[in-house]
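Shared between the two complexes below is chain A, which has chain B as its partner in the first and chain C in the second.
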Partner chain A sequence: MNCAEVAEYINTKEYQELNFKRETLVINPPKACQPLGAIFCASGFEGTLPFVHGSQGCVAYFRNNLSRHFREPFSAVSTSMTEDAAVFGGMNNLIEGLQNGFTLYKPKMIAISTSCMAEVIGDDLNSFVIKARELGTIPKDFPIPFAHTPSFVGSHINGYDNMLKAIIAHLTQGKKEKKNGKINIIPGFDPHVANIREIKRMLNLMGVEYIILSDSSDVLDSPQNGNFEMYPGGTKLEDTADSINGVATIGLQKFSTMQTIKLIQESFGHEGLSIYPPLGIKATDGFLMKIKRLTGRSIPEELERERGRAVDTATDAHQYIHGKRFAVFGDPDEVFGIVNFLLEMGGEPVHILTATGTKQFGDEIKVLLDSSPYGKQANLYIGKDLWHLRSLLMTEPVDMLIGDSHGKWAARDAGIPLVRIGYPIFDRVNLHRYPTIGYQGVINLITWIANTFIDEVDRKSDDAHFELLR
Partner chain B sequence: MQGRSCWGGLAGLCDRDRENFKFQISNLKDTHTINLIGEYNIAGELWDILPLFEKIGINVLSKITGDSTFKEITYAHHARLNLLVCGRALINVARGMEERYVIPFREVSFYGIRNTSSALRDAAGFFEDMVLMKRTEEIINEEERNTKRLLSSYIEKLKGKKAVVYTGGVKSWSIISALKDLGIEVTACGVNKSSLSDIEKIKSLIGEERILKDVSPKNILEAIYSTNADILIAGGRNQYLAYKERIPFIDINQERHTPYSGYKGLVRMAEDIVKTIYSPVWEIAKKNAPWGSVKVSGYQSVRAKKV
Partner chain C sequence: MGFANTAEILKEPACNLNHQPDRACERPRGGESCAFDGAFIVLNPITDAAHLIHGPIACCGNSYEGRGSLSSGSRLYRYGFTTDMTEMDIVYGSEGKLKEGIEYIVKRYEPSAIFVYSTCIPGITGEDVEAVCKEAKKRTIVPVIPVIAPGFLGHKNLGNRLAGEVLLGRSCWIM
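Presenting the complex of A and B:
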């Protein structure tokens, strides 16, 4: 076969069958590894130095990746393990690294995660940290939560979960006092930082007191003031400690907060629940009703009016989304939320693909799809990659792809637009500054999706069909 | 230059002294020649009609004035028959050409299967040419069969639905007939821009009591609620009135951006109506916030009374 024939062949059904038989080769997996999620999580705490016990290159990559998505500096350090550490163990690297990090960057907390190398040789973080304290490298009471986050297991969403669990467990130890009346909110691995602001705004409107557990909104969306600040914000450590005294904890992503929610259910002595992301009108209704139930606060008229505006947006644009066919890929929580939103609008998810979903996710999203006439033709692909997705788009075309920037090649080959939602978004500006959740999120999603379709109509129109009204 | 529509006033050009306009067009010698008067090529509708005439072998000399040229209007008076599409605006052109050039005219419409077929039949029948008539019947047969096949899944969903129509210009009677092709019953029809003969036709189609003379927003809504209509089919000005009241809507006015005429257009119309009526958004819109205090105000109070 020459190049042109190959280019033709990879669009066929026959090739797709071969493609899906692949077992020992992954091509363009839409996921990152555990430590990336871990340092993202750590960055959302006040004065916290994300610290990776592992090789330097990994951390350079994580920083680069996060930095490009948020268009913000991202600070993290590594223990710079090399061959000798791989042979003799990384204890010296870790202890020296803690000392340097503590001295140079003056953090209030160092949150340790690990890369593959440390995990392959089985470094024992706990004993290393104890040793460092014994040696007086770092003060006895200085907080150093740590999580084992092997890159070769799970993905960034598990890394987030593991790190968060470690930080919460560490800081809340022995802090149980009387109830503080606050709600704890765990945003999950959410690359749209505006979602955190949106949650805070809604809770403020309801007059609810809250603690956001890993609040990266001021860290990864910080103001331009002429100064680089290494720690521009984040959840206060004493608030994190106090979270154990809250009235309830809600995880806004179910699949990226499972371990943390489990810890809370077991040790906080209050209701800990994880919900599907409040994406779409009904899901936002559900979220607000939960807050209402847990806090006894009423939902103010302002939010009701806002809801009305979101519904108005939906009715105004219903004809642009109803009946359109979609492919959606990304992390399970985001995919679940987007699919839920599409079904609400009468959009038809046809290909749903995730590299990081679990069987539980599959079972649950199947129930969601079965509940709607628009979910009937959906096919679910768990643990698949973007090369699988490309085959699907070529043999069973859809009108739009929704996912992160990595989907742009498959979308281009299939001749369809990509609406960028998720992580990472490298090739558009500011999208992370717009919420996807809440009623405001409904307005944003409809705007992006409907306008993209209308842009397509304009782009594809010949002169005679190029219309003012659409 | 090709354009979507010139101003209707340009049609007056054919009244000019024809000596001023030299032309040499071989197909003027065709015997089967017609003009389309009052077909403005809204959203490209004309382009779904012209191929039909081409197929059956009728030469459309001049379009007045969708996708037209000055030149083709100058020889419009060589046509043997005028088909008048928009009766209200350009009836004077048709009458004038009948008086001056002895070109008879037929009022036709291209909305719906039956209207489109009978327009083709009318035109073909005029020329007293058995071959032409036979070919026309064959093409009508083929087109209708094809259209009905494409429509069947839509009709399943639209059968028994009720619509309130206020076209504000486009021949309401032809839209009523097109909707009937889709199984939709028109329960009220605004007529304040229809000609008297149009109104008569509308009366004969839906009955006098369903005619709406007052087309204020309040009255349109009342008509919708009192007849339990499923959709409002009107112009853009009423689009967001309908949406605010959670009523499905399609735009039928001259600013619409989807061509609805001819066989193909009817399929698009069906698709658009299904899309809006069956959008799940209305289900959400009809439910207030789960914590909400229901406030009845504005036109909702009208509905509250009627329902």
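Presenting the complex of A and C:
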């Protein structure tokens, strides 16, 4: 076969079948690893130094990745294990690292996660940290939560979960007092940090007191005022400790908060539940009604009017989305939310692909798809990669791809637009500053998707069909 | 052919900043990426080759499609090929998986060459990536080139050098 024949062949159904038989090789993976999620989570706590025990290249990748997405500096340290540490164990690296991190960067907390190397050689973090305290390297009462986050298990969403669980378990120990009347919100691995601001705004309007567990909104969307701040915000440590006295905890993502929610259900003595992200009108309604039930607060008129504006936006733009075919890929929670939103708008999800989903996710999204006439054509692909997705886009074409920046080549080959939602977004600016959840999120999503379709029409029109009115 | 150790590679006798011509430059500390990253970014712009990263998802998942190359020809270099090692691969070894991965790429993509990058984990568990490449090479006309630059060997600079040595066809005995 020559190049042109190959290019044609890889667009065929026959090739797709071979492609889906591929087992030993992953091509263009739509996922990152546990420690990336772990340091993202740790950065959302006040004065916290994310600290990775492992080789230094891993942390260089995470910082560089997170900085490219958020366009903010991202501080994290590594114990920089090399050959000698691989042979003799990483205890000296860890203790020296704690000492340097504590002395140089003056954190209020050091949150340790691990990369593969430390996990393969079996470093015992617990005993190393105890040793560091015994040696006086670190004060006895200085908080050092740690989580095992090997990259060869799970993905970034599990790393987020494991780190959050470790931080919460560490800080809330022995802090049980009388109820504080507050509600705890866990945003989950959400790369659109504006979502945290949006949640806070809605809760403020309702007059609900809350604690956001891992609030990275001020850390990864910090003001430019000429001063570098190492720790520009985050959830206060005393608030985190106090979260055990809350009236309830809600995880706004199901799969990136599973272990944490389990811990809360078992040890906090209050209701702990996780929902799919409040993406779309119905899901936002559901979220607000839950808050109402848990806190007894009513929904203020301002939010009702906002809902009305979102419904109006949907009505104004429905003709651009209704009946269009979509492919969606990304992390399970985000994919679930987007599919839910599309069904609400009469968009038809055709290919739904995730590398990080589970069987439970598959079962639940099937129920969602079955509930709508627009979900009938959808096919679900769990544990697949973007090369699989490319085959699907070629054999069963759709009108639009929704996912992160890595989807841009598949979209280009298929000649369709990509609307960027998820992580990472390296090639567009400021998207993380716009919420995708809540009624405001509905307005943003509709704006992005509908305008992208209209842009396509304009770009592809000949003179006779290039119109002012669309 | 071959070097005694990594320090040997880092010798820069012609460099006027290295004041000890018989020894390597002092190793920079912190802020830098790893030897694998260094090797990968040097070789990645070779556009008609496939770049297969043998390791857990971290090494490929965080790095692929990160580097451009002003090529109007092959786009193969952008593909993030990885063996995505899991727990079971670490326990039972994943040389077989790597072998199949190489064969798949040869058959489906017919690249001009395959660079096979060994990362920390196969480095620690002691997988013989060079032998797998050598064996694969026997069954194809495509050069299957091992790049033995696991992250724990050292910093990015070292990886840059190792990749250069690979391009010159010199294998580096580093362990």
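Keep this in mind: the second predicted complex is superposed on the first by the 470 of 470 C-alpha atoms of A that agree within 3 Å, B and C clash if a C-alpha of one lies under 4 Å from a C-alpha of the other, contacts with A are read in each partner's own complex, and residues count from 1 in each chain.
In the analysis below, a residue touches a chain if its C-beta (ideal position, glycine included) is under 8 Å from a C-beta of that chain, and two chains touch if they have at least 3 such contacts.
On a predicted model such as this, the values are computed, not experimentally measured, just so you know.
Look at chain A after the overlay: chain B and chain C fit there side by side.
If you count the residues of chain A touched by chain B and by chain C, you find the higher number for C. In the superposition on chain A, contact of A:323 is made with chain B only, not with chain C. When the two complexes are overlaid on their common chain A, residue A:22 makes contact with chain C while staying clear of chain B. Once the two complexes are laid over each other on the shared chain, residue contacts for A:56 go to chain C alone; chain B is not touched. After superposition on chain A, the vertex angle at the CA centre of chain A, spanning the CA centres of chain B and chain C, is 110 degrees to the nearest 10.
Of the two partner chains placed by superposition, A:460 touches none, neither chain B nor chain C.
Look at A:32: by the touch rule set out above, it reaches chain C but stays clear of chain B. Look at A:298: by the touch rule set out above, it reaches chain B but stays clear of chain C. Judged by the touch definition given at the top, the superposed model places A:428 against neither chain B nor chain C.
Of all C-alpha pairs spanning chain B and chain C in the superposed arrangement, the closest lie 37 Å apart. Those residues of chain C lying in contact with chain A across their complex are 29-37, 52, 55-58, 60-65, 75, 78-87, 89-90, 96-98, 100-101, 104-105, 108, 110, 120-121, 123-125, 151-156, 175. Every residue of chain B that touches chain A in the complex is listed here, in rising order: 2, 4, 43-44, 47, 67, 236, 240, 243-244, 246, 255-257, 272, 275-276, 278-282, 284-285, 289-292.
Only residues 1, 6, 18, 22-29, 31-33, 35-36, 55-58, 60-62, 64-65, 77-78, 80-83, 85-86, 115-117, 120-121, 150-153, 155, 387, 406, 409 of chain A touch chain C when the two sit together in their complex.
Residues of chain A touching chain B in their complex: 281-282, 285, 288-289, 292, 298-299, 304, 307, 311-312, 314-316, 318-319, 322-323, 343-346, 372, 374, 464-465, 467, 469-470.
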